[in-house]
Amino acid sequence: MLDQLARQVEALLVASESPVTLERICELTGCGTESAEQAVQRIEMELASGGHAVVVARLAGGFRIVTDPDLGYIVAQLFEGKRHSRLSRASLETLAVIAYRQPATRAQIEAVRGVNSDSAMRTLLERDMIKIAGRQETPGRPLLYETTSRFLEYFGLSDLEHLPRMDEMESLLKLSADDIERMASELSGDESDQIL
Amino acid sequence: MLDQLARQVEALLVASESPVTLERICELTGCGTESAEQAVQRIEMELASGGHAVVVARLAGGFRIVTDPDLGYIVAQLFEGKRHSRLSRASLETLAVIAYRQPATRAQIEAVRGVNSDSAMRTLLERDMIKIAGRQETPGRPLLYETTSRFLEYFGLSDLEHLPRMDEMESLLKLSADDIERMASELSGDESDQIL
Amino acid sequence: MSADLQTACRINIQDFEGPLDLLLFLIRRDELDVTTIHVAEVADQYLDYIREAEELNLDIAGEYLVMAATLTRMKSRLLLPVERAIMEDYEDPMDSLMRHLVLYRAFKEVASELRESESIWRDVFTPPGERERYQESVTEVDQDQTSLLDLLLALENMSEKNAPPPEHRIRKPLLSLSECVAILDRTLSTDRQSKFIDAVGENADQAVVVSFFVAILELVKRGWLTAEQRYPFAEITIKRKEERWE
């Protein structure tokens, strides 16, 4: 049966996103180094005697509670299959332009975005979000692009008419520059906020 | 002492990034629904008898290992400055209306609250508590909103049936259904009957 | 009015989540029962409160004024026997207001229950998950996949970046009185007079019309403006009297 200090330490080791050093444990629980070390040992013993699926891993100068490598064959299944990462900001912008003015040529898209959109277009084609919809009958006969049914499915739309209209968008999106910055950084996925 | 099936289940609950449903547990471990349920119960008992810092929570239609709320004051220190602020009263009210009446249009929500709810809706969209759920097939085809599974997790709800006072709210909403529609259609402004 | 009371009033109106919230507060304060309240009683309390708040602070959102207009109309209907007879076939508007209050109160209570759950579950933390350990080439985590909102944000972001500012102004759903005054000030800066409908805009919704109307009454009271209406329901003409409004 774990004592209060060990419970505190266990909670830290379970919830932390990176290994927790002994110093940090002492700082956060207010105990001394030796007590912290002993608390970690008591946790290990208790986990072992209960036959639990997790162990205390000592990594990079700190501790973390992770699943027992023995059970890797079960856990790995959770992350199998093609789980696509989120669309990048460039891809989203490109997709938005195509969605609202389809069919569109590459030059039109780049005119709106103000930057070269080659790699975004390639990603969108690979991920089956857009497709070629013929050629424009103007000099050079550039290719035209439009969104696919996969696009609708991905965003949960039953048809293109269900795309929010521009005016609705404005009222949805009266965001400050700060908000947009923050959301953009969330979009780029550098923070994965695990807190409930 | 946990048996092999319970260990497998525990490993899944620890390693997953989101709640794991009973079906998924069965699929990944190859056991039946009843065995899976019993395994979850054995885990709960073993965690409690060992005095561990975590418990099994029923959230958003599945199971998840979470730290004991008693230890929140310790763990919160790990995430200082990175936590979201609490939702405002306006956001909570708006969220409550959407939760019981989903999918709901903005006009319906505002009709119930009697007040403009733009900024609350924006916050809720940004914080991934609600999402767009298509359009209503009525004149003007307004956007529909519904709650997300993040909403359930945030409030510790296992599913929508477990919203507080579900029966009472349902019968109240039924009683006021006509009023809400009438006020909503006034708000959405397709008939701008001018007073004065 | 004493300074203390002024402060109290100002704090209060901002504490309310709209006219229904304020009504519930007044009903509870006077220990009335939502299901048996008398319209005249409640209307008077409400109108008094709004008037006081107005004297202190012009910034009352349009919704509060719409409710004031509704209550006034309900009250005047009670006083008019003829209209009452005509209205016999119709539902008493008070019934629907009461139902609305009961409904809103229930949502308010649920919201505070959600607040309690929030404070419990904010203290609950989950393991970060082991995707990184088991999936090597993972760069970005895809919880709920990209949402429609992300798509819209991307579009919004672009127009912020390089498009010229949009031609049409974003419609503000409701105006505070001080905003109405500012708009009237602008409208009446070139032409010294204007029709009410032109100042307000032809497609203005009910709340906006009421906001402007109250703003005009306030300006008339201060002698900065005159308003003229030849007969009931005729056009209202407003004229500037004072050069500077401040």
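In this document, chain identifiers A, B and C correspond to the written order of the chains, with residue numbering beginning at 1 in each.
Note that in this section contacts are C-beta pairs under 8 Å (C-beta built on N, C-alpha and C of every residue); 3 or more make two chains touch, one makes a residue touch a chain.
Here the structure is a predicted model, which is why all the values come from computation and not from measurement.
Among the chains present, the centre nearest to the common Cα mean is that of B.
Comparing the CA-atom centres of all chains against that of subunit B, the greatest distance is found for C. Chain centres here are Cα means. That of subunit A falls 38 Å from that of subunit C.
With each centre defined as the average position of its C-alpha atoms, the distance from subunit A to subunit B rounds to 20 Å. With centres defined as mean CA coordinates, subunit C is found 28 Å away from subunit B. Counting partner chains per residue, subunit A shows two or more touched chains at residues 11, 14-16, 65-67, 75, 78, 156-157, 164, 171-175, 183, 194-196. Residue positions 121-122, 124-131, 133-134, 141, 143, 147-149, 173 of subunit C are each in touch with at least two other chains. Of all the residues in subunit A, the ones that touch subunit B in their complex are 1-3, 6-8, 10-12, 14-16, 20, 28-29, 46-47, 49-54, 65-68, 71, 74-75, 77-78, 156-158, 161-162, 164, 168, 171-175, 179, 183, 191, 193-196. Residues of subunit B that touch subunit C in their complex: 14-18, 57, 64-69, 71-73, 75-76, 78-79, 83, 86-87, 89-90, 92-93, 95-97, 100, 112-116, 118, 125-126, 128, 131-132, 148-150, 153-157, 163-165, 168-169, 172-173, 175-176, 179, 183, 186-187, 189, 192-196.
Note for the complex: subunit C touches subunit A at residues 121-122, 124-131, 133-135, 138-143, 145-158, 160-162, 166, 170-171, 173. Residues 17-21, 61, 63, 67, 69, 96, 99-100, 102-104, 106-108, 110-115, 117-131, 133-134, 141, 143-144, 147-149, 173-174, 203-206, 209-210, 213 of subunit C are the ones touching subunit B in the complex.
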